[in-house]
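Look at the two complexes coming up: chain A is in both, with chain B in one and chain C in the other.
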Partner chain A sequence: MSRRNRRIVAASLTALAVAGTAACSTGSSASSDGPATIDLWTHAGGNEAELGVINTIVEDFNASQDQYTVNVQDFPQDAYNDAVVAAASSDNLPCIVDVDGPNVANWAWAGYIQPLGLPDETFEGQLAGTLGKIDGEVYAYGYFDVALAMFSRQSVLDEAGVRVPTVAEPWTKDEFMDALAKIDGLGQFEHPLDLGTGGGGEWIPYAYSPFLQSFGGDLIDRSDFQSAEGAINGPEALEWAAWFRGLVESGHMAQTSGEDATADFVNGKSGLLYTGNWADTTVKEAFDDAVVLPPPDLGAGPKIGAGSWQWAMAEGCEDVEAARAYLDFAHDTKYFVEYGNAVGLIPATLDAAAEIPAYAEGGENRIYLEMADQFAVVRPETPAYPFISSVFQKATKDILAGGDAKSILDRAAADIDRDIQQNGGYTS
Partner chain B sequence: MSVTSIATPTKRSVVVTVLRSVLVVFFAFPIVFMLVSSLKPDLQIFADLGSWRAFLPVGDVSFANYTGVFDRVPFARFILNSVLISGVTIALGILVNSMAAFALARLRWRGRGLVLGLVLATLIVPFETLALPLLWWVNKLPSFEADGFSLAFKQGWLDTYQVQIIPFIANAFSMYLFYQYFASIPRELDEAARMDGAGWFAIYRTVIMPLSGPAIATVAILTFLPAWNSYLWPLMVVQSEELRPVMIGLQYFFQLNTSWGQVMAYSSLITIPVVALFLAFQRSFINSIASSGVKG
Partner chain C sequence: MAITQQSPTPSPSLSPPTASPRSARARRGEAGAAALMITPALALFVLFLIVPIVLAFALAFTNARLISPRPPEFIGLDNFALLFTDPVFWASVRNTFYFAVVVVPVQAGLALLLAVLVNAKVRGTRFFRTVYFLPVVTSMVVVSLLWRFMYQQDGLINKALQSVTFDRFTPVDWLNDPAWAMPAIMLMSVWQGVGFTMIIWLAGLQTIPGELYEAAELDGAGTWHQFRYITWPGLLQTRTFILVTITIAAFSLFTQINVMTQGGPLDSTTTVVYQAVRSGYQQLQTGYGSAISLVFFVLVLTVSLVQRHLTRERG
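Take a look at the complex of A and B:
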């Protein structure tokens, strides 16, 4: 083969290779005929129950009219936020996204999502923790919420001689500590209590900031969301830190518990488990005498976290009417009921709860709804929250490890305040 | 020969064998745990932790977790995607990097020292630093899309196979491995080939590359591992499920109630190709590492 021919062959092979890789591509396509297509992204990849409900709603919507078609794209939960941020960086966000409750303010501030523009009466009767509201405008709504609770066994509490607390009369701090000592005294468990200290990430502020709030502290001063000084490092916060570390020092719980606290509880390693109501089925299947208890009142009333996944409309959506039409259509009690039945979590409206036996008045899961209604504290609705969350995660781990609480929490307050300052107060 | 002099080597070999066995057990533990746990229900995995049962297939053992994996995710699709992405990246990576290294190691041209220095300098820049600028670029690049029997033009490479392949073909480390290996091959071979009328491409193809088996094997493995384990980049650039690689697939199993048995089963399944590739190229890989003095 001559040199010229070789070059022609090489050039042809290169062209073929490029064409070949292009042929493998399946980028999104839009048709100029027929209904307008908008994309919907969800974190529910791998969660058959939740994805099934989403697909049902979308199919119903697509069948209900012929102007728009919604196309579902699911992502696994742990990969979802990064995928959305990357898509926003490259102007490739879809029209509808779901967003984790505590991220709503940040995504709105970052320009990822916009107000839904639906009438206020749409959201009447909805649990506060299931609405992403900023400055009075609803940016997102959710179908369910989750409640944190304590799980134990009636037989264990009876044997230890411990009163079973109720939503109306939760344990006081002293009662709680007494209960731990008595359960420990049974000698049946590695630790009487498992607060899931082996968990990481968002679990830490979600699970442990309610204890801080129950002592009277908080992650930030919520009057204007401009400073954490005095909230995260005040006397109440120091009291919380001493109590939290004290649970480790007294041997009542492990500094780092197992990877799956629910599995450890079911396997008899702990007598009292603190986790979300997603563990309800596993615990009740394992023990006939399982009991669900409210968290203790550590001084300022029992508190639990709030705010789960919610639906929002992306800022760059080219067909806002289509997205709004879908979100309006999807906000129907029957879909709240379907969600509640499928995922087993707390339905976001009282109307839906009334249609789900377990959550209706007298139902076995009603306690979760009552706790979500009475004890829930939404994580701070500020764009600074993701940073606050990461600071609190580090501070909590340092406190659990035995670090000096005052210096750790002073540093946390200073870091949060500096971040807020550096971002101009997150006001624009 | 005295009795002592016979016994000493025997004792040494016993000690060495025992030490090797300990190391084998030490390094095999995580893999054994993964394989064994993939056969157990979730609660039993945690019940067995802290005892030797964690490393033995005892109790309620079954393949239910594997069935669950295939029910839950399009496993075959994820594996095929990763095989395609890794395979094409390896093939093109070997071609492009070896040719570049050949030009740097065997050809005489002004500025090649500077070019080599610049190529090596890119090794100190972590990918995380480049990810966002790269995302911006690939979103602007022109592409073609198969539309029936015609190719349609579109802007942006997002959500394609090529965006998972092309940015990773040129690789400074692979280039440097080839460069080092090529530089160790006697130049007399080039001269002899040139006297026989061979051009540079013929020398590259018929003289240098056939002598570079260990380097090719090493580059193949070192290209394969990050391509197979790739997570951040596909997370950023791929939206469609049908284009996702295996590592994104692993995330499907981490839910509020994580199914640890399925996590272990999926992990076992995606580890098999890695182990198979290493076993296939084991000898060449070790030879190349030993001769080049480079650790992967």
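Take a look at the complex of A and C:
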């Protein structure tokens, strides 16, 4: 018993010691004679493909010069944001962090991250959605983006007698509704359409605010990011709400779809699936005649979300030169290609895309790149975004559940405006 | 964690210090040792309970944010003014009471029934005790996820109801129906928490001396009379304890909501704690979330005081 206790105590002490060293090594230690060490935090813990690329880049960088050493620390994605917020409140941020696209503005405002200070030409040919740009300054850049798309099968569309839309000529709203009715008429599916309404959290603004934008509405008035009035509750937004709820009422989609919309589509429960291009492999493996379609044009052109994980430099970084050197080194087409090959998502630069066959001109995944290039709308680059996102999630669920759209959206607009006003317009 | 929390109430029967012939010095030494022994617990208690509570009270009167470069400012009662005009808050309060009013008696009653059954001296009670206790040791998040599947329109519960009614039952989308979502969560919560309450009842049942039942039997009392005049009065202390603990646990309904409905559909399952967490973390409004917590504290305190008053030992 006492031996066991001793072992437990020893283990706890070791854990403490490790935690202690980790805490101490945060920040730079330029005082020693060796190379200055800076820390890099990533959310990619557990994601071997992505972490592998990050490790490669860091190893290459460390080997390429002897002034600086970068040290990678990976976190599981679910714990990552909390870790950063906690570290920031105790002034313990590492020099380099990765940050999810919609959080860039909030973190910049909170003073977690600072402008990268890299020359503009570094970012030439990069998809706009993969740059965390605020007031003309780049705070973060990402290696990849994701596109939202519709998936179906050629045989289903042919049987229903529906035209296959293209990026140049997407479905109009009427064509889309007509297609749903025709696919429904086949009687093969529980619901003709699956928009992934079983999803929650950030999926909701990511997936459904583009529909709102395609109707001509938005989450907030983007001219100065001071008010949502008229954007989220204007006539266009009401049209969006009526259309969205209408899809449920007509039985064209489920109010809450299954846990895994892609699996349901592959198992033949739905005829038309709306999801990110991460589902591409699964769908194409399941069906030889799978087709990738752009989302419909609901009035103001087709829109899709943008902005994935990006790299940024922490505000409190004691060795800005080292961090900048790393971020400059890492912004190399070679690594964009490696990322693209490892994670299979859309490479963030055109140069990299040209080197990945699937994304090169004529490649089977080129459509995602075209959509990301032409239809992408980033989530509003305002520190108010986390609040807006939360309000929009609730509003969307209430609308899908059949609540009164006008009062729901008016309330959402009022809540957002109050939050912005309470925070002094998020200007300082 | 519906009905699994408990706050041990100090037993009122602590004997008062009696005058003893021991010397004052010995008593001082004991006091010193006692102080030494209580220090670690007290330090942790203050650090992790008292300090956060005091902080929450203070923050409730500020516009503090979770992530913000602006220092918190004192804004008086603004948070409360906003809260009391918020229809979602009133829906949360209504739902919280609805849940407590149904779950507390149902769970306590069902648990008592199970405890009495399991306490019977027949073979296999140990097996049933274990079975009833299994949901309690399962994580509430896991339980909620599983029940979410079971409540789906084509889920286990609808299918079962259809097969026993020979398809005359129309499937209900339980968690998406504003009228049914809360009852569905109540059913699941009772199922999950009933085992724990049963164990407390069992403990109470086993403190009742067997001679009383033997005497009653000799006097010709039937099962019901034995329950009414021996078991029920014998469980007075247990009853009070169960009432207070389940009520508090019912008021703090959160996990099931967070996993299963996120307060929807149409605010039919939002609760005070859920709203506090949503405001405080998801919407980063630390001050507002603290204000909700403060109101919640007052609410629970009031209900507990009323319960204590009603269940006080008369005479």
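Basically, the second predicted complex is superposed on the first by the 396 of 428 C-alpha atoms of A that agree within 3 Å, B and C clash if a C-alpha of one lies under 4 Å from a C-alpha of the other, contacts with A are read in each partner's own complex, and residues count from 1 in each chain.
Just so it is clear, a residue touches a chain if its C-beta (ideal position, glycine included) is under 8 Å from a C-beta of that chain, and two chains touch if they have at least 3 such contacts.
Bear in mind that the values here come from a model prediction, so they are computed numbers and not experimental data.
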Margin query: Output check: A:Ser90 vs chain B and chain C. Expected answer is one of first, second, both, neither. What do you get?
Written below: first
Next item on the list: Identify the partner contact of A:Gly200: answer first if only chain B is touched, second if only chain C is, both if each is, neither if none is.
Entry: second
Margin query: Output check: A:Asn106 vs chain B and chain C. Expected answer is one of first, second, both, neither. What do you get?
Written below: second
Next item on the list: Using the touch definition from the top, say if A:Ala279 reaches chain B (first), chain C (second), both or neither.
Entry: first
Margin query: Contacts for A:Gly187 in the overlay, against chain B (first) and chain C (second): which applies, first, second, both or neither?
Written below: neither
Note to self: I want to verify the contact counts: of chain B and chain C, which reaches more residues of chain A?
What the structure shows: B
Checklist line | Which superposed partner A:Lys394 touches (first chain B, second chain C, both, neither) | finding: second
Margin query: For A:Asp260, using the defined touch cut-off, is the partner it touches chain B, chain C, both, or neither? Pick first, second, both or neither.
Written below: first
Note to self: Show me the chain A residues, by the header's touch rule, that chain B contacts in one structure and chain C contacts in the other.
What the structure shows: 258-259
Next item on the list: Show which residues of chain A lie in contact with chain C when the two form their complex.
Entry: 85, 88, 106-107, 109-112, 200, 254-256, 258-259, 386-387, 390-391, 393-394, 397-398, 401-403, 418-419, 422-424, 428
Checklist line | chain A contact footprint on chain B (complex, rising order) | finding: 42-43, 45-47, 49, 72-73, 84, 88, 92, 132, 135-136, 139, 143-146, 151, 154, 156-162, 165-166, 199, 201, 232, 235-237, 239-243, 248-249, 251-258, 260
Checklist line | chain A to chain B touching residues, read off their complex | finding: 3, 6, 17-19, 21-29, 41, 45-48, 73-79, 82-83, 86-87, 89-92, 146, 258-260, 262-264, 266-267, 276, 278-279, 282, 286
Note to self: Using the touch definition from the top, list the residues of chain C that touch chain A in their complex.
What the structure shows: 63, 65-70, 82, 149, 152-153, 173, 175-176, 178, 262-267, 278, 282-285
